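These notes open a run of structures that come right after.
The following pair of complexes shares a single chain, chain A, combined with chain B in the former and chain C in the latter.
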Partner chain A sequence: MSAEYDVEFVEREDRDARFLVQGITPAFANGIRRAMLADVPTMAIDTVRFVENSSVMFDEQLALRLGLVPLTTPPVGEFVEDDTVTLSIDVEGPATAYSGDLVSSDDLVQPADENVPIIDLKDGQRLEAEADAVLDRGKDHAKHQGGVAVGYRHLQRVAAVEDLPEFEEPDRRIVRGVIEEDGELVPTSEFDHDLSNRYPGQEVTLEDVPNSFVFHVETDGSFSVEELVTRAADTIESRATELENAVQL
Partner chain B sequence: MELRVTESSETELSIEIAGEDHTFMNVLKGTLLEHDDVSAATYDVNPEQSGGQTEPILTVKTESGVDPLDALEEAAVDVREKAVAFREAFEAAA
Partner chain C sequence: MMVPVRCFTCGTVVGEHWEEFDERANEGDEDPQEVLDELGVDRYCCRRMLVSHTDLVDVVSPYQ
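For the complex of A and B:
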């Protein structure tokens, strides 16, 4: 039995996308979602060697903050677990140390955003440190989580049934996600998530479309949405292959 | 992925799948239930802090004449095919 999936993008940006998947079971949809959150490895700082830290924060606090800075994650195969990339930072006050001040030894691993504040340094304070970034999974630490807001909702089918009585006060009908309207996909944000705006004076029915889920995926900048989704599918595939081989023995 | 059979009979199999969590187990269970010869499939997993059995245990019951291990193998193949089909459909749309 091989499943037939149909994917269609509703909204699409580099780090943020909404797409409809048809023909997917709830179990598999949830597997993909969980894999995106916990099983796709990303780079993050894990060890920090402080040369000088005369700021108001302890070394440990700064190390945590540095760890949470999203780093771009190189393509599959460039790195394996246990490989490290060294980043250094040297900022002297009065100034704010930003993620953009991190200097990486590898072009493939750079801070995904330049404007994450690390510490505000006052006159005479200085931060100089060397940090090692490693590849790991969200399961082990949230800093390795590539997907920051990943979820799905049923696609909802809307149909107008009949006109409301003329003098009846229209009720608001709030719905979030994406609706299907005669085969067209419409994000609910287009009508302020309120069906009474789109169908004034009409009674509408709303039903979940079975096995059709609209995923909303947002990444932390480690990689694009496409990378995250394909890598999540790859992790499930590799575990299925592993099980297949283990059962055959 | 370490497998350890905890109970086994002609049509029923309990197997521990070490190192996995709900992500894979629920997909696998869902896929097993789609199988015509599988009459029941479930898995149980305890929290890490609970002590004792914390690895997931999958239980599969099959219709007579079908080895549950074969059903499990077929389900693994199905999951792999699903993942590949999903990735291909996604890449085609991307």
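For the complex of A and C:
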């Protein structure tokens, strides 16, 4: 695919962004979405060795909770699949064990959120465990899914056509996403997702702009949104290259 | 038992907001809707994780 395409950010934060991509096919837009969910490797705890667990939860339950804690994922090339990073946790009650209590053997792999409660420990209870984090993909386990709630909508073009009759009760026109208004991009949250707030007393038309997609991407903290999107595009490329090599004579 | 780490539906980490939500909306008398908005828990899948959660650790801890 050598056609030109444009990317424009509408909202941009570290873990949450909305951007417009113009000039790609719906199939490619969906390919990127799926790659962001299932094909970008992230770090997550996979094996836990319990030294002591006298809490009210079983070892397996705690291992699942530890696995779901997002860990920062190192830059590409630092780790390959099958490499492990050991994290340890040692908390004695009365206290709550938090994800921030995990001590990592590698500075590049740290809990992305420090305040996730793992288990509430009462007087005399203790949790001591060693955990191995591995690099894997979202299609193998949801804990390795770097992007959460990734989706896209068509960009919608709004135009006012005519005035409504003077005494007619205006209907609500609910629209969500981002609209285009004389070339300007306006998130619908600016007018409470209701076009009758923005165009009072006017009849408006709404149409999808072909091949323009507004992506909404959030990450779990493993990496930034930019990192997630570029890595997703890289996985598509590497799989395409693999296919090309496989079918060559 | 303990609050789920992530939202069952979308996978957003919601566990980190539990303690503040519990303190302000369950123990305190703030409106849960406003607390969730301030915490940045926007989607209804994530909101129900916190709204419908009950901590049972204190209930089961005597029965070790």
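Simple rule for what comes next: the second predicted complex is superposed on the first by the 248 of 249 C-alpha atoms of A that agree within 3 Å, B and C clash if a C-alpha of one lies under 4 Å from a C-alpha of the other, contacts with A are read in each partner's own complex, and residues count from 1 in each chain.
Throughout what follows, contacts are C-beta pairs under 8 Å (C-beta built on N, C-alpha and C of every residue); 3 or more make two chains touch, one makes a residue touch a chain.
The structure presented is a predicted model; accordingly, all values stated were derived computationally and were not measured.
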Aligned on chain A, chain B and chain C: do they clash or fit?
fit
Name the contact category of A:Met57: first (chain B only), second (chain C only), both, or neither.
second
Once the shared chain is lined up, is A:Arg65 touching chain B (first), chain C (second), both, or neither of them?
second
Would you sort A:Glu242 into first (chain B), second (chain C), both or neither based on which partner it touches?
first
Once the structures are superposed on A, label A:Ile174 by its partner contacts, choosing first (chain B), second (chain C), both or neither.
neither
State whether A:Val161 touches chain B only (first), chain C only (second), both chains, or neither.
neither
First (chain B), second (chain C), both or neither touched by A:Asp220:
second
Per-residue touch tally on chain A - higher for chain B or for chain C
B
Chain B, chain C and vertex chain A (Cα centres) - angle in steps of 10°
140
After superposition on the shared chain, which partner residues are touched by A:Ala142: those of chain B (first), chain C (second), both, or neither?
second
Regarding the shared-chain residue A:Pro117, is it in contact with chain B (first), chain C (second), both, or neither?
second
Where chain B and chain C come nearest after superposition, their Cα distance in Å:
19
Touching residues (chain side chain B, partner chain A) in the complex
1-3, 17, 20-24, 26-31, 34, 69, 72-73, 76-87, 89-94
Would you mind writing out the residues of chain A in touch with chain B in their complex?
1-9, 19, 21, 24-28, 30-32, 34-35, 38-39, 139, 226, 229-230, 233-234, 236-237, 239-244, 246-248
In the complex formed with chain A, which residues of chain C make contact?
1-3, 5-7, 10-13, 15-16, 18-19, 43, 55, 57-58, 60-61, 64
Along chain A, where are the residues that touch chain C in the complex?
54, 56-57, 61, 65, 68-70, 99, 112-120, 122, 142, 145, 148-149, 218, 220-221
